[in-house]
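Below you'll find a set of structures to go through.
The same subunit A turns up in both complexes below, where it pairs with subunit B and then with subunit C.
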Partner chain A sequence: MPSMTSHRGARIALAVATSIGCLALPFFASAVVNDWIVSAASLTILAISWNLAANAGLISLGHSAFWGLGSYTAILAANKLGLPMAVSLLPAMLVGALAGGLLAVITGRLRGIFFAISTLALSEGLRVLAVMLPGLTGGGEGMYMNPKLRMGPEFVAALMVVGAVGAVWLSWVLARMPSHFAFRAMRANEAAAEMLGVHPVRFRVGVLALSGAMAAFAGGVRVWYGGFIDPGIAFDLHITILAQIAPILGGIHTLVGPVIGALLGVLLSEATRIWLGTKGFSLLVYGLALVLCILFLPNGVWGGIRDGLARRARRLRGKP
Partner chain B sequence: MKPALLELRGLHAGYGDSTVLDGVDLTVRQGEVVTLLGVNGAGKTTTMRAITGLLRPTAGQILIGGTDITSLPAHRRVAEGICLSPEGRQVFPNMSVEENLFLGSTDPRVRPQRAQSLDGVYTMFPKLRERRAQKAGLLSGGEQQMLAIGRALMGQPRLLLLDEPSLGLAPLIVGVVFDAIREIARSGISILVVEQNAHAALGVAERGYVLSEGRIVLEGSAPELAATESIRNAFLRGDANAGSAPASAPPRAPDASSESMLEVRNLTRNFGGLVATDNLSFVVKRHQFLGVIGPNGAGKTTLLNLITGYLRPSRGEITLDGRRIDGLPPYDTCRLGIGRTFQVVQPFAEMSVADNVMTGALFARGTAAKIDEARERIRRPLELVGLARKAELPAGSLTLGEKKRLELARALATEPKLLLLDEVMAGSTHREVVELMQVLRDIHAAGTTILMIEHLVHVIVDLAQHVVVLNFGRKLAEGTPEEIVANPAVIETYLGSAPAAATGDARR
Partner chain C sequence: MTLFPQFLLDSLLLGGLYCLMAVGLALAFGVTRIINFAHGEMIMLGAYGAYMFATYAGIDPLLSLPLVAVAVALVGYVIFKLTLERALDAPHINQILLLFGVGLIIQNLAALAFTGDERSVTTVYSLAAGSFLGVTVPYGRLIAFAVSISLTVGLLVWLRRSELGRAIQAVAQRADAARLVGINVTAMFMLSFMVSAALGAATGAVVSFLLTISPFMGFHMLVKGFAIVVLGGLGSIGGTLIAAFLLAFAETGVAYFVPEGGGWAEGVALVVLFIVLILRPRGILGHAVDD
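Here is the complex of A and B:
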């Protein structure tokens, strides 16, 4: 027993040390590195949020909807109500959760491509709406955050890191709860899951509300970092695509996959941008690397590692 | 004696780890009409898939005109003159009748004579000429069957394979289809026809084989087979040689309670114009073991879908312990204590066997149970169905028989008071069937009420205390297993009645 306790203590100590390290990093980093930290942390949150919904069989093509709602709510909360950063994120997450829950209720039993298209429509619809409400959103010209309220980039980056760590923790906790069984069962066969007492609507609403709140948090923090928003930035299709590329690259339906995918995605895109300079060419290489990964690691990077370890274990057992 | 056209020698085949054909020997001679009879799951369609090359046999040989074609791919077998009219017709619904027929003659060997073949088919089925430009999906069942046969004839077969041409057709249409088969036979084409409707098939065939659990259990000339008592046994008991039930079978539990648990009253369900369940009433008593039998399309699975809430009844009501449950969604019927397995297995393939069963243990009470508690509760179901050792494997890797038992374990983990079983034996080997029967006896003895749909009538006879027979959505008969097996109307339903149009033809 004592060995187990000390083992656990060491693990907790390691986790705490890593967290403090991550948190402290922005305060010693240059502006460029801070950009990277914000990109990697926000993509981690988005990827985990997207992967949560995907775990329940809900493939979203509209995660920018939640992200954008989070951005707008946070900036409006700051500009109109004068709320500080941390507090402004609460209404942002609430709006994201409501949008997610509402989406689940409206889409009902839609699945697969039909659900995906309705999420795409939601995101596009919100973008058009943001353009058409200039009184509230500043319309197509966009809106600046009140500069008096803005905080140093290192504080914003640190908050994004806190969010990412929180998202990882949340997905870890969820994987240990009964809902983990319901989500996977629904993904495989919703009709059969119902016969086991699973109420699909309840779980769909829950998972989309959570997923929406997480993405809205990331969008909210991002607007505090950039200080400017317009409909094109808020509801950018690129956000949606990144949110699903990261988990697919890292390993869909796994705990670690989205994190690996997010870090790798940012690394890949920054590395190609720095070394290959001209924008078009670097994007081509970035795309090619993604295609190769998906071709040769169908279960993502994490899936590839896992399969490799399993093969090795089998080989070792085969030849003692 | 004419030379053999098709020979199957010791054919073994299956899907994954489950063996369906267990050494089939069968011969079709030049110009002969042969029928292969058997109940659902006997291996008839698997035999057809092996002959056409859609399924590679695991052992044995297939010869056509003396040449071994066992390893020839499917499309090359069409060139050898083997053409299939598949089970369930499988016409291309969005293509016109004529386009469907054209696809039957894509092989270079027969393409030059396409126009003549088309004319021949239209002469045989004038209905198809009338509807040549119509989408095949809009045809009636009988017309689709004619189209499927016509499409096979476009390949100018030496050997025509017909898989269940009477499936789902009204008796009058069955007569028309079998008249056409008789006419095709007259033109000298050899035919192998697979059927559940034994009377209709024996009306056109010269010889026949009876397949049961992957083996030929009986063969003979058509008049011999039609007259024999053992064909009835082969259909109703799954064993041609056993005149009586095996002596080793433990006695059935007595029908204990008189208190009714599930009541079905005047239950009706329409699908468009089709009546799948027609004014059906029956009662399941507490602790009863009730068997439901009936031919394909009798409405058995529809009945389970109505009870569990996957379908709403058009009329009528269902009560469980006096409480109306019709129209309640499946998760609510589950929480009221109804467990169910599915005819087409629905495992959560990526989850482990244990996690599949866990899902049942976690949510059946409405609020989610504790995970540790659920882990304890799944032990017994897993052991009962014999999957405890495979608990950590992904469910997708199981054999069909194991997947059926996984469904049973999952349903048991919800701790149902009423268990609904839909063809839980299908896909299991003979030995597994015997084991599974004991499992069901144990579950029943532990106090669970069971309603079981099963094609293997001998299983129902051994297990059930009371049997309801369905046909065309209606209750055909009800009584003890002994009464049911002796009931002439039931026997006729299972063997198929000779259609009026077919009996008049003296062409054999």
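Here is the complex of A and C:
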């Protein structure tokens, strides 16, 4: 089918061109635009990471745990071992993956609210730990990154974009694999999934390790961008809230949803900051968006668009 | 050797407050099977209500407590009508995220209204203390304990003796069976949610003269409330009361007997929460809950 291949070729070309465009953008952008790029890209990674776990029926209310571990690991790798940015992200992702895997093992078969509350406790517990271990983390006063190692903001932004593109690609690959049926089965009924040959514990370890590594990557790059970390920033409830609002806003359990949601999230927060000024408004707007979405648009913006298109197609075909 | 008796007294007084803090959460969950993620905000609203009465009208928090509780129960009514009632059949996780969003809204509205500054209500008994057999008795905490225990006992008596209380218990046991005997289940959901909000507000009014208050205090209280409710067993009020004292003793013990314990005590609730969820998710007296 030549038309099919050319269609596919065009899509790949478009993807490559978009990626290169995104990558080049930070080098021509102003500091403010760079901030936006970093916010949008990091939120995209977080949203995909959260959605990945949610796809397997694991709703996290403590995604800042992985983000914060990534931040602390990256800054410690830089300050104590002198590792450059790209290399410091490897231990950061490893720690994130380990934390995710460990969480999966020790929470065993906890599901739904029980799992959600245990993630919340994990993130809060790590915050207390970071405050109480000043020898390692700098305690409540926080810690600056060695300024000699830091790189220009455009490089850091570009790396975050690479991560976001990688996260999109990864979720696309996962959705194309047979595992995507396993995800759906796990979400619907874990016991039934087991009967069909999905090993629930192994599956959960894999999913949470991947999700943890992704969030840790974003947290790790973020600390290179900001150059400072303290327990409040690392294990911020704000991160947890953003990680869950973006996929819900865009469309939970979909491929495009988290990306749309991440962009909308940044747009909402920037728009409220610019027009209304106070920082309190952006969380207020997020809260409103969350409530309205769950009540009136449970499949998110993307789901709404899809349903709208399907209705239109039915009408055009002349069926009611 | 007054350290040990002092530890016992402090734990006991804290435990009373924790009972009140968690019992509202346990009641709403037991009846509706929905964890109220905005419960911390009910506490926060109660604290600000008491603060407003004390600052602008000079009314003592203990006197304004009933008014504040009724006002926040009405807030609970509005939340129930606007959001929860539409999501009663939705997946649990949607309900949680919904209430999480409601909490976020209330929190940030409060931050806009009152600014993020920490405040406190100072009464004559806030910092006063007496001495009994060599043990320091802080009057503020003693009063908080008495109020908390009275309200908790009042709730238990109301649940056991009154018609409405029994109807609520019937719904908590089996909603569909309660519906069959003619109980309006949705109305009982709403009532328990409102009573739970009022209990949260009462907690806030009590806390207002003991601790500093801020718009973001709720999350912290919520996490502790979770730890207690999960330890006691989701849905069991009796278990919750036992767990409240257990947590109070554990936290105070860490604060007293561990070096730098004041900071580590913050983590006790989280460790307890984590361990209970892993080892025995149904807690001390609770039943298994699916999802």
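Note that in this section the second predicted complex is superposed on the first by the 300 of 320 C-alpha atoms of A that agree within 3 Å, B and C clash if a C-alpha of one lies under 4 Å from a C-alpha of the other, contacts with A are read in each partner's own complex, and residues count from 1 in each chain.
One rule holds for everything that comes next: a contact is a pair of C-beta atoms (placed from the backbone, for glycine too) under 8 Å apart; a residue touches a chain by one contact, two chains touch by 3 or more.
Values in this document were obtained by computation on a predicted structure and should not be read as measured data.
Of the two partner chains placed by superposition, A:Lys148 touches none, neither subunit B nor subunit C. Comparing subunit B with subunit C, the partner in contact with more residues of subunit A is C.
When the shared chain is aligned, subunit C comes close enough to touch A:Gly108, but subunit B does not. Using the contact criterion defined above for the overlaid structures, shared-chain residue A:Val198 touches subunit B, although it does not reach subunit C. By the touch criterion stated above, A:Val291 is placed in contact with subunit C alone, subunit B being left untouched. After overlaying the two complexes on the shared chain, residue contacts for A:Arg184 are found with subunit B alone; subunit C is out of touch. Residue contacts after overlaying the shared chain place A:Arg317 against neither subunit B nor subunit C. Legend: residue contacts after superposition of the two complexes on their common chain; A:Val131 is shown touching subunit C, with no touch to subunit B. Residues 176-179, 181-182, 184-185, 187-189, 191-200, 253 of subunit A touch subunit B in their complex. If you check the complex, the residues on subunit B that touch subunit A are 308, 310, 329-331, 334-335, 339-340, 342, 346-351, 355-356, 358-360, 362-366, 368-369, 371, 374, 410-411, 413-414.
On the subunit C side of its complex with subunit A, the touching residues are 35, 83, 86-87, 90, 92-94, 96-98, 100-105, 107-109, 111-112, 116, 219, 223, 226-227, 230, 260, 263-264, 266-267, 270-271, 273-274, 277-278, 281, 289-291.
Here subunit A touches subunit C in the complex through residues 59, 61, 106-108, 110-114, 116-118, 120-122, 124-125, 128-129, 131-132, 237, 241, 244, 248, 278, 280-281, 283-284, 286-291, 294-295, 298, going by the rule given at the top.
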